[in-house]
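Have a look at this one.
Lettered A, B and C in written order, each chain numbered from 1.
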Amino acid sequence: MVSFWELARDALPALLGGAGVTVELTAICIAAGFVLGWALALGRIYGGRFVYAVCTGYVEFVRGTPLLVQLFFLYYGLPDVGVVFPPLLAAGIAMGLNTAAYQAEYFRGAIRSIPRGQVEAAYALGMSRFQAFRHIVFPQAMRIVIPAWSNELIYMLKYSSLAFVVGVPELMGRANLIAARNFRYFELYLIVAGIYIVLVWSLAGMVSILDRYIRVPGLGEPR
Amino acid sequence: MALTRKDVGRWILMKRIGTIVVLWVVLGMGAAWGAGKDVYIVGLDAAFPPFTWVERGEYKGFDVEVMRKIAELEGFRVEFRDLPWATIITALAQGKIDIIASGLSITCERDAVIDYSEPYWEVDQAILVRSDSDYNAITAFYGTTVGAQAGTTGYQWLEDNLVKKGVDVVLRAYETYDMAVSDLESGRIAAVLCDTDTAQGFVNAGRKVRIAGIVKTGEQYAYAVREGDPYGLLPKINEGLRKLYELGIWAELMAKYFPGRAVVPVPLVRTLDCR
Amino acid sequence: MARGAGCPAPLALPRGVSVILRELPWFLRGVLVTLEVLSGVMATGIILGLVLSVIEVYGPRPVSLPATVIERALRGVPPIVLLLLVFYLPWDLPPLAVAIVALGLCSGAYQSQIFRSAIRSVPRGQLEAGLSLGMTQVQTVLHVVLPQALRRAIGPWSNEFASQIKDTSLAYIVGVVEILRQARYVIAYTFGHSLLVYGFCALIYFALTRAGNHFIYRLEERLHIPGFETRRLAGERRW
């Protein structure tokens, strides 16, 4: 029987390729979630009754259901009505829609934590709603939201591992393919866990460095 | 902040509740653990009709009923457990289950790590395609994506005879055949290679698939126990199969699950020689 | 192949809906299993979290450092990887135990973070006062610091609770017959209606999460200490 280190050495190229897919998938879905999340947050704050209801309904529902179920729904459920996504697309959409709901909540909370007085002052100075948002609300909100947002980034990196159940060849998927041939599940998953730890710790490290540069003392602390 | 008696009392109450919860969890786990060896655990993949499936919380299927009847006749008790197919051989080798009864084909690689009973069934591999497609047995594998359940002889056949030989085909592994057929129906893959009776089962159940061809592999199904048969189950299983046939129960079960099929005496003669 | 006999519905319901209604008892059984997993995970998580957090805050360096490393490692591994890792351990654990152990480890690591910041938020003066009254360090921590810390921890802890309800769906992968796996079984033996069944599955989880949140909210109100608001930014997710 092949030793653990030989197994690791043989499997590593494929696993690292899978890790690349993991990182790509995470990056794309976070970016998509960022855009959609802002749209939802703005819809809830500035939108009329209908827009508010739709955005809130979406955010509450997506936050209240597991990502795995959402993934199955998109991949195996939608074909019933004729919408068929290939694995990577389905995973990306499911994850993107999921993280958008959570990001929407963080953005909304950040916006609401900005004292209303600042916005009123902006209007008093003659700024339009859009200008007030762009120059006063948005920059502060982005700074406030960084801890929660970076948390979300790391969370998505970890939960991208779910994509293997629909056949995406990311890290877990590659490990499964290798293990199906040589049955060395435990050791392979140990290596996978190690790779995830490396990825998560590096990301967390980068985030804390970023945080130290961007942090504005006193901003965003609970009042 | 003053610590009142009420706070301390509440803390003690929480501690008590916590202890009860912990005890309950540990006992629950312990009860599952110490099931004792008067009951043997039969591992199966519960998505392989008509041999195994789960309906309304009960295990059903040809293999399930045969195992139950054998256990009855030979005087031991069995309990079924659903496991992912790809892990079932490892689970048997590690002692997590005691018997496999799940449309398990005899192969030499498996024979090296587990012990088989005498065979009871014969199958080939069927090529399933979407009913409204015009693939045949050759075009289904030409520049397409095909699928099979991970760890099956079907998957192995595709890998050994197509992928490794450089045929232009993409092979996808699935957790269950049910998921593979779903992807087949939705058009994500062009073909699924599956044991003939199960493939027919999917067609009969009204899935939008048809059988485009058969790959003759001449496989046989057998039941399996851990290498060395530590509980002495193999003689009982073989004897049980014999008795089932002699008592006519085998014919009954065949009529129930495979109506119209000719009844062949079991156990069969093993055709695969691994020495 | 034998199938469950379906009788024609008196109402003209779409077939998928009548399937779901017929299989409702099985979904409910899945809910019970989910709750089983959830209670096991939360119990394990609380114990592990408390132990780890106390060690990390009060333990001497040689003990608190490994504890921190273990906690960080557990938080760096996706729960589904940990589930499969525990599943493939060489000894025989039934699926439920696998799920509780694996998800409990994940939850415990995260809860230790919650308890740790809660313990740290109790003013040092309390500890000193307890010690100056003649209590040993153990007594002070147990009777003075922890009760206060636990009260402060309730906010973030309830976020974790809501998160765990959803993470129980991951137990599907090791064979626990909870809601998602039950839904898959139903789809397998009724051959189709995936959209409706998965949608219904999502609805059940949604109802469960709502009920859980409501329960936690009531608990928070009961144990609330005015002036100790430590709610995180809009129910943020843990990693």
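Things to note:
Just so it is clear, a residue touches a chain if its C-beta (ideal position, glycine included) is under 8 Å from a C-beta of that chain, and two chains touch if they have at least 3 such contacts.
Since this is a predicted model, take the numbers as computed values, not measurements.
In terms of Cα centroid distance from the overall Cα mean, chain C ranks first. The interface with the largest number of contacting C-beta pairs joins chains A-C.
With centres defined by CA atoms alone, the chain at the far end from chain A is B. For the pair chain B and chain C, the distance between mean C-alpha positions equals 31 Å. Per-chain CA centroids place chain A at a distance of 36 Å from chain B. In whole angstrom, the spacing between the mean C-alpha positions of chain A and chain C is 20.
Contact with two or more other chains is made by residues 76, 79, 165, 185 of chain A.
Shared contact sites, meaning residues of chain B that touch two or more other chains, fall at 87, 90, 182. Those residues of chain C in touch with two or more other chains are numbered 88, 90, 187, 192, 194.
Listing the residues of chain A that touch chain C in their complex gives 61, 63-70, 72-73, 76-81, 102, 105-106, 108-110, 113, 144-145, 147-148, 151-152, 154-155, 158-159, 161-162, 165, 172, 185-186, 189-190, 192-193, 196-197, 199-201, 220, 222. Within the complex, the chain B residues that touch chain A are 86-87, 89-90, 150-151, 155, 172-175, 179, 182, 185-188. Across the interface of their complex, chain C is touched by residues 1, 3, 7-8, 10-11, 14, 18, 21-22, 25, 28-29, 32-33, 46-47, 49-50, 53-57, 60, 81-84, 87, 90, 94-96, 176, 178, 182, 201, 204-207, 256-257 of chain B. Interface residues of chain C, counted against chain B in their complex, comprise 1-4, 23, 26, 29, 39-40, 43-44, 46-47, 87-88, 90-94, 96-97, 100, 126, 143-144, 146-148, 150, 175, 177, 185, 187-189, 191-192, 194.
Against chain B, in their complex, chain A makes its touches with residues 76, 79, 84, 86-87, 165, 167, 176-177, 179-180, 183, 185.
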